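Order as written gives the chain letters A, B and C; numbering starts at 1 within each chain.
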Amino acid sequence: MSKKKYKLSEIANYLGGEIFGDPSRIINNLSSLKEAQEGCLSFVYNKKFLKELNKSSASAILISSDLKEKCKKDCIVVDDPHFAYARLTKLFAEEVRETFLEDSSKDFSTSKDIQISKNVFIGQNVKIGKGVIISPGCFIGNNVQIGEESYLYPNVTIYSSTILGKKNIIHANSVLGSDGLGFAKKNDSWEKIEHLGKLLLSDDVEVGAACTIDRGSLGKTVLNSYVKLDNQVHIAHNCEIGKNTIIGAKTAIAGSTKIGEDCLIGGGCGIVDNITIENNVRINPMTYVTQSIKKSGIFSGGSIVLEHSKWLKHITIQKKQFDD
Amino acid sequence: MSKKKYKLSEIANYLGGEIFGDPSRIINNLSSLKEAQEGCLSFVYNKKFLKELNKSSASAILISSDLKEKCKKDCIVVDDPHFAYARLTKLFAEEVRETFLEDSSKDFSTSKDIQISKNVFIGQNVKIGKGVIISPGCFIGNNVQIGEESYLYPNVTIYSSTILGKKNIIHANSVLGSDGLGFAKKNDSWEKIEHLGKLLLSDDVEVGAACTIDRGSLGKTVLNSYVKLDNQVHIAHNCEIGKNTIIGAKTAIAGSTKIGEDCLIGGGCGIVDNITIENNVRINPMTYVTQSIKKSGIFSGGSIVLEHSKWLKHITIQKKQFDD
Amino acid sequence: MSKKKYKLSEIANYLGGEIFGDPSRIINNLSSLKEAQEGCLSFVYNKKFLKELNKSSASAILISSDLKEKCKKDCIVVDDPHFAYARLTKLFAEEVRETFLEDSSKDFSTSKDIQISKNVFIGQNVKIGKGVIISPGCFIGNNVQIGEESYLYPNVTIYSSTILGKKNIIHANSVLGSDGLGFAKKNDSWEKIEHLGKLLLSDDVEVGAACTIDRGSLGKTVLNSYVKLDNQVHIAHNCEIGKNTIIGAKTAIAGSTKIGEDCLIGGGCGIVDNITIENNVRINPMTYVTQSIKKSGIFSGGSIVLEHSKWLKHITIQKKQFDD
């Protein structure tokens, strides 16, 4: 995804790390251990990663000195691989926060097949399919692709390199492809992890008003075909939402979680990161999902509404139980 | 609301359904059984609808063959009335997803009584009252009406045919009149239900920043006078919010729910669809309301905060109780 | 913060209240008792305020007749001090809801150090530091200050008088400096409390997409340096968020709450108004925090997810316990 290339020695230099292996090895991307291919640099933050380490196709590894001996690949030893990774995202970002001074919306205005309204900004190297309609106030970043017959309501923001399939409908004021929440501890403050990944929406996806869908940190966030989101849904970096799944208003899904096909997820739910929800799962509104759901079925979790005086009693009893 | 008219025979043809009754009967609108008037086509999805069926003023009914004998009106028998209704919404939509190429904001710029900022887009056939101020980046769809002395903060999106009363204040980046979440099952995917209804805001309504309020599917969504919404509130299709009611930040109200007058609804609540909340009800924050509240009073429901180790114990006990 | 000045007698006249003290005393601002300085008018709604009353540096007080005898300062006696205060906010507002007809974005376009994209609106008396990039569709209100090297993604709205430090990153469609929810009861309706306060973001703050952060009612809302917000976070008027604190997606913090430094607050939380959270507190997602947290540590509170049939049983048992 990046066009940048560095020798392992250049990277070690930038990070102030020590190389074990071939300093002239070419690194052209950052990646998780799982998704790494030839040319990728990956990272091991803690012991949990070791299981995947030697199965990975990564060409080199960022690792701490205490875990170094477990690594049979070329590696760079640094004090804090998470912080080093955060710093490296700056090196591999095509451009960290772009300038949008040149509008190419006029280039599309001659096409009879595409309708671009007033007050639209279109970046460089954008591909727009036949029959696409872009309403006023939309922003389309560099390298975005929008499939045939997609419709963007007003004031939608699409970050660079996001890819939309055919017949997508994106409601007003939604944001597609924003950075996920990612920071590495840096002494007494935070180092931002640049988000180098992408967001892919398949065909016939509908996104409600004022939704936010983050791009991948590395790799990608994916909404498969016929996914339908109500308003104010939030989907974090690297999630995958299965075909036909509908998600109710105000539900949030944290990073790297995978939701199956044909699920119905009620409004106001919170689903934690790094879990998997099976196909054909129905989750009622206001449910907090803290672990994977491994079989289809109906799940609930919201708390009960009571007259306030009864609720106080309920809460007081609960508290007493735990004040021992 | 639609200017379109069809013979019952044309509709049956489009749907591939069988007519019982007068094929030349004119249908000029879709409607729920309850709100139907002369000329309306309505629908019966399942037995629950039968109670309202023969009280309805609908001119004709979409119905499945097993319920057909209960219907004394003209009807079209189809395999799946919900799917058929979804398809019909396309026939009755004035325009399914409009093109916004012609801006009429200049037409208002000669008026001394109205102030339209830069980067505003105004559609066709819009009515704007004296003293209205529209800030930069706002979008006003076709056939919108904005009452006297209303103020729109920047980047607000108002979908077509939305009606705002006098002295409304709409904070930045809010979306008024968007489609509700509505899809009918279509083999292995979803058929979108076009939203033909409207959104009406009465006088002296204030809408916080980044709120979303959906239009009616059919019929309308209504916010009565002096309703005040905090930021990031979501109100779904066909809700009605009573006079003077205040709703805290991030609360979501699902479709067709009716909230009374003089209610105070805390932030972060989730209120399910198709229920009724009485006048003078106060609901504390983070409450999940699953059924109608039929008397005034104070209600609560949020769960308790505990030190994490105690919470784990609490959760573990609860889980055990249900693993039998 | 206001440039307006009135004699105490003018204010009493406007409110129809009775003066006790010097009618020629000059009042140049409204303030809470705690933050009041020479020249400020403050208010006492109920007995709770009395503790702070005579410690306050306010020059005069709005007070009801029953509490009048407790007040040793100059005062104006009115029937309803809260309603009177709401009315006074109109008197002290520089301008109640401004007109944005004159764009000064061109004034910045000659600078090589600042990059202002197309479709940006910049109000009057705005200060923008070197290296700032403002993306398409952003709105910058009057008297806003944006520190060096800050980056605004598209369609961000910044209300008047908001101050951003250096190296801030504001993601798309966020709203900074909006009014808080504030209304005083006025017979059978509501009187709006104008928000005269400000919003201050310190250096290196990052705000996710579609967030809303309100200005102070009086005084200010503050995000200290290295605060990082995920998407769709809501922060109400007069909150203060401590240095380095990270807040997950969709969390809402109600008015005047103070969060410490180095906190990690999960997504989907609701934190009530007027409480204090200690430094180094970690709150897990979906927690409802109803009282101050006075020691560092990890806290949780979300409810448990169950198969729906078990949940129903759980809920039924809970309900029975309280139906006595």
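Heads up, the rule we're going with is that a contact is a pair of C-beta atoms (placed from the backbone, for glycine too) under 8 Å apart; a residue touches a chain by one contact, two chains touch by 3 or more.
Predicted, not measured: the structure shown is a model, and the values here were computed from it.
Asker: How many degrees of rotation bring the Cα atoms of chain A onto the matching Cα atoms of chain B, given to the nearest 5?
Answerer: Superposing the C-alpha atoms of chain A on chain B needs a rotation of 120 degrees.
Asker: Same or different for chain A and chain C, when you check if over half of the residue numbers at their contact belong to both copies?
Answerer: different
Asker: Can you check how far apart chain A and chain C are, centre to centre, with Cα atoms defining each centre and the answer in Å?
Answerer: About 30 Å, centre to centre.
Asker: Got the chain C residues that touch at least 2 other chains?
Answerer: 119, 137, 155, 173, 210, 232, 250, 302-304, 306
Asker: Mind listing the chain B positions that touch chain A in their complex?
Answerer: Residues in contact with chain A: 97, 99-101, 103, 119, 121, 137, 139, 155, 157, 159, 173-175, 178-179, 181, 183, 188-190, 192, 210-212, 214, 232, 234, 236, 250, 252, 254, 270, 272, 282-284, 287-291, 293, 297-304, 306, 310, 313-314.
Asker: Please name which positions on chain A make contact with chain B in the complex.
Answerer: These residues of chain A touch chain B: 115, 117-119, 133, 135-137, 151, 153-155, 169, 171-173, 204, 206, 208-210, 225-226, 228, 230-232, 244, 246, 248-250, 267-268, 285-286, 302-309, 311-312, 315, 318-319, 321-322.
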